[in-house]
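Below you'll find the structures, each written out as structure tokens.
Each of the next two complexes has chain A plus one more chain, namely chain B in the first and chain C in the second.
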Partner chain A sequence: MSTVTRNLRVVRRMTAADIAQQSVYRGAWIIFMLANITMPIISLLIWRTALASGAQLPVDERYVTTYFVLLGFVTMATSSWMAGFLAQDIRMGKLSSWMIRPASLLTGFVANNLSEKFLKLFALVPMIGIVWWIFRDSMNIPAGPGRWVLFALSILLGAMLVFTIDILIASLAFWMDDVSALVQARVIIASVLSGAVVPLALMPSWSRGFVDHQPFRYTVSFPVEIVAGQLTGRELLVGLGIQLGYVVVFAAIARLVWSAGIRAYSAVGA
Partner chain B sequence: MTPVISAHDLTKTYTFHQQRAGLGGALKSLVRRKYETRLAVDRVTFSIGRGEVVGLLGPNGAGKTTTLKMLSGLLYTTSGELQVLDHTPSDRKHDYLRRIALVMGQKTMLWWDVPAMESLLLHKDMYGLSTAAFDRNVAELAELLEVEHLLNVQVRKTSLGERMKLELMAALVHGPEILFLDEPTIGLDVVAKARVRSFLADVNRLRGTTILITSHDMDDIEALCSRVMIIDHGRLQFDGGLDDLVRTAQPRKLVRATYAAPVEVGHLDGVTGVTGVEVSGPTVTLEADRERAGAVMEQLTRLGPLVDLDVADADIEDIMRDLFLRRSTLGDA
Partner chain C sequence: MSTLDRTWWHKQWRHLRLWRRFFAQAVVRETHFRAHFLTTLLVGLVQLGLGIVPTLLLFGFTAEVHGWSRAEVIALVGVFQIVTGLMATFIAPNLNRMTTYLTEGELDSVLLRPVSSQFYLTLRWINVAELTNVASGIVVLVIGLVQAGIGFGPGQVAQAVVLVGTGLVLLTAVWSAMSFLAFWLQSVNPIGFVFLNLMEAGRYPLVFFPAAVRTFLTFAFPVAFATTFPVRALTGDLGWGTVAVGLGLAVVAQGLVRLLWRRGLLTYSSASS
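For the complex of A and B:
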């Protein structure tokens, strides 16, 4: 049996067990997802009010509406919360019980990410459906499946990108006593530069070159832009290429840092 | 015997920074940190043959757990050569990891919130076991450990002793050739300890599993190990049979004679080559050289009508305590 097949089986087994465990907390998922969707809805209402009041924006009402309706879903789908937990496992020596078994050390985190997202979808999709239905007349809805397929692909790449950035940050725990400040910094920086707070299309024109090409755009904003409808076919392909490139580059760096970190691992505790 | 573990000049150092307690110390460490290097394992050389059960002993902080972690691939060695099952453990190759298991008495491999069977099934996928082999192993181990009724109970609802049995089961379900055990009976009651010991002896006997065990419980060592290695201050201080250890560390035997009537101390003047003579009513206790123990006993029989005569080695626990105390005093000097 190949390593990939074995790890996939392990992930499948762990995801199923995680879903069984986590489904106990269904109330918590609903509250989480309500919180997740509240911010984009408030932003949506503010920006629509601004547009209605005559504010001159580089995007129209349909773009803003589509953007914020999809934002909660994309943010959830590409999110990762492993950095703090993985860093804790490294620092407290909990990685040891995985290191002595023949499976990737990250299978547990991949499974946890997949299982929680699976459960969150159950809570989130109906909420987004309701918001969608309310604003259905002022949204950009691409005709045909093409853009939706690219949207799904871009979300997958975005999720991989966030996950690898998390591994990279957590790996620093092999040398640092506490990486929580870095984790928090990543969250704050990402919330602005990913477009999770304000659409990147509304950023000042002088910042465009940087904003359009920095990696965090490809974790949230870019997948939403695919549907919200401002990208030309060429921009879309170039964007997907850059997104894939970032995944490869960050994965390579994370792998290097991780490998060096394992050498420094002190397996604290008995 | 073909060695399955071979270590030559195995060395491990740790680097850490020191910080004084309190706010002053914390602020100072922000600006300037004092790093120190500690030698945890110091040029240790040994080899272990297939099927051996070896006890790795030493006081806290002696380097035995660090040694175990290097052997199981958790830690890279700083220098020296280490081969286990023809692998360098720190490479953590799949072929190596599927042939070993490590049980740490204070760390768990089991999922806490689901029945142990879920963790066993996870191991089935991890180790690529066929359903037939998995079912056979689970049945055999569950019977030996008497845990059939626990397999479908949430792990967090089991007792400490039950959990250790389930840990051992999870560690052995893939049939490892080498089992590393770090304090497997810590915190267990006497019944659970006895059960775990007899299970490990069965595993060694029935499967030929090589076992390397660290424990502070000398009963574990006496029950399981034909060979012990003593590590202290990172150095291998002794490597041999348990009997050899007793002979080396405690060359005298303890003799206790109980007579029908109280004994007068003056009667013992004729008994030669003994030390630590104590007389308490009809009971005489003394220490004699191993070689002279027989002659001393014969002399004791002549002192009066005997009710009981007993000769014994010193308790292994006492020997270890004396040994560690002596070494730590030497180390501190």
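For the complex of A and C:
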């Protein structure tokens, strides 16, 4: 059996087990998702007020509304929270027991990521549905399934991108004692550069070249932009190409750093 | 009244002295962790800078929203930073532990002490480093006020200070009530996230929200008393009426939280014994 199929099977089994385990905390997931959509709703209300009181934005009300309604979903779907945990497993020597197992420690984190997102969906989708219904008159809904397919594809790529960035940061724990400051820095920088706080379309024009091409745009903003509008067919294809490129580049670097780390690993507690 | 205190006033005085001890101990503790102080300061400054980004962008597209200029909203962000800094210093380190207190049975040892258990659980731990965010908030507030060219008298300052105080009491009451649900729910860790995310609404003036949301942010989740009303008091378009309403609400909220705490204690059956 090839390594890929074996790993996929391991991930599938671990995901199923994780779902069973995590569904104990159903109430907590609902509360978490409530927190997740609070910020987008606050931003939505603020920017709609600005538009209504005559602010000259480069985007219209429909764009802003669609953007913030979908934002909570996309940030959840592409998120990763493993950097701190993985760094801890490396530092505390939990990695050791995985080195003799027929699968990577990372499969456990993939399974955890997938299972939690699966459960969060059940809490989040109804909430987004309600907000969508409230603002239904000013939502941009693309005709035809084409854009939705690309939306889904782009979310998948975005999730892979965030996950690899997290592996990269956590891998530094092979050499550093404490990566929590780096993890925190990543979260803070990403919140602005990914478009999770303000739509990147509203960033000042002098920053456009940088903002449009930096990797964090492809973790949240780009998938949302596909549905919210404005992207031409060409921009869409170029964007997806850049996104795929970033995934490949970051995956390659993460793989390099991870394997270098494994070699440097000295098994604390063994 | 317990035998420790002759009157109700003696009891309050004893708790105040105790709290001074907590604070002194927290300061001594902080001097042992200077790196923690520095990272808290740095993270606080970066968060302040990024938190102001939406406001700056917004006022790049318009000069005024519902009567609020850019400078006034910056002053508001300063007040928000002061309030969140104070909450993070005195309240958050305690309420974030609520789940542990209840599920690990730590509450047992608190109940045995000759001290009000609600007081102890809400105010025992202090994160002194977060006070740096209060300092940076004051700087932002002054910048905003100077830019807006607002002149105010001592009466308005008094109004603003009292309003921030009632805002803090009200927000603490709401967060406590949410945390005390741990008596029935066992785990309330995610509730802190909901609270902090809702707090973010305080970055903006109340009139930026639709009418229904304004009511919610004034009476249900009263962040308006902590940020919008103090700034409006400084700009001089708020009477003592609002201050009185705030004080009244604060008293009522404290009473309700006290009631909830008593009810919760009745259901507590200890975790370890």
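We adopt the following convention: the second predicted complex is superposed on the first by the 269 of 270 C-alpha atoms of A that agree within 3 Å, B and C clash if a C-alpha of one lies under 4 Å from a C-alpha of the other, contacts with A are read in each partner's own complex, and residues count from 1 in each chain.
The definition used in the following text is that a contact is a pair of C-beta atoms (placed from the backbone, for glycine too) under 8 Å apart; a residue touches a chain by one contact, two chains touch by 3 or more.
Quantities reported herein were computed from a predicted structural model and do not represent experimental measurements.
S.K.: If you stack the two complexes on chain A, which partner ends up touching A:252: first (chain B), second (chain C), both, or neither?
M.R.: Neither partner.
S.K.: Should A:238 be classified as contacting the first partner (chain B), the second (chain C), both, or neither?
M.R.: In the superposed model, A:238 contacts neither chain B nor chain C.
S.K.: Would you sort A:54 into first (chain B), second (chain C), both or neither based on which partner it touches?
M.R.: Touch partner of A:54: chain C, not chain B.
S.K.: Could you let me know whether more residues of chain A are touched by chain B or by chain C?
M.R.: C
S.K.: Based on the superposed arrangement, let me know which partner A:103 touches: chain B (first), chain C (second), both, or neither?
M.R.: The first partner, chain B, only.
S.K.: Could you tell me if A:192 is touching chain B, chain C, both of them or neither one (first, second, both, neither)?
M.R.: So A:192 only meets chain C here.
S.K.: Considering only the touch criterion stated at the top, classify A:27 as touching first (chain B), second (chain C), both, or neither.
M.R.: A:27 sits against chain C, while chain B stays out of touch.
S.K.: I'd like to know which partner A:130 touches here: chain B for first, chain C for second, both or neither.
M.R.: neither
S.K.: With the touch criterion stated at the top, can you tell me which chain A residues are shared between the chain B interface and the chain C interface?
M.R.: Common to the two interfaces on chain A: nothing.
S.K.: Which of the residues in chain B end up touching chain A in this complex?
M.R.: 14, 65, 69, 72-76, 92, 94, 97-98, 100-102, 104-109, 111, 113-114, 118, 121-123, 125-128, 182-183
S.K.: Please give the residue numbers of chain A that touch chain C in the complex, ascending.
M.R.: 25, 27-28, 31-32, 34-36, 38-39, 42-43, 45-47, 49-50, 53-57, 181, 184-185, 188, 191-192, 197-198, 202-204
S.K.: Under the definition above, what is the set of chain C residues touching chain A in their complex?
M.R.: Result: residues 39, 43, 46-47, 50, 53-54, 57-58, 60-62, 64-66, 185, 187, 189-191, 193-194, 196-198, 200-201, 204, 208-210, 213 of chain C touch chain A.
S.K.: Okay, in this complex, where on chain A does chain B touch?
M.R.: Per the stated touch rule, the residues are 1, 3, 6, 9-10, 12-14, 17, 20-21, 93-94, 96-97, 99-103, 263, 265-267, 269-270.
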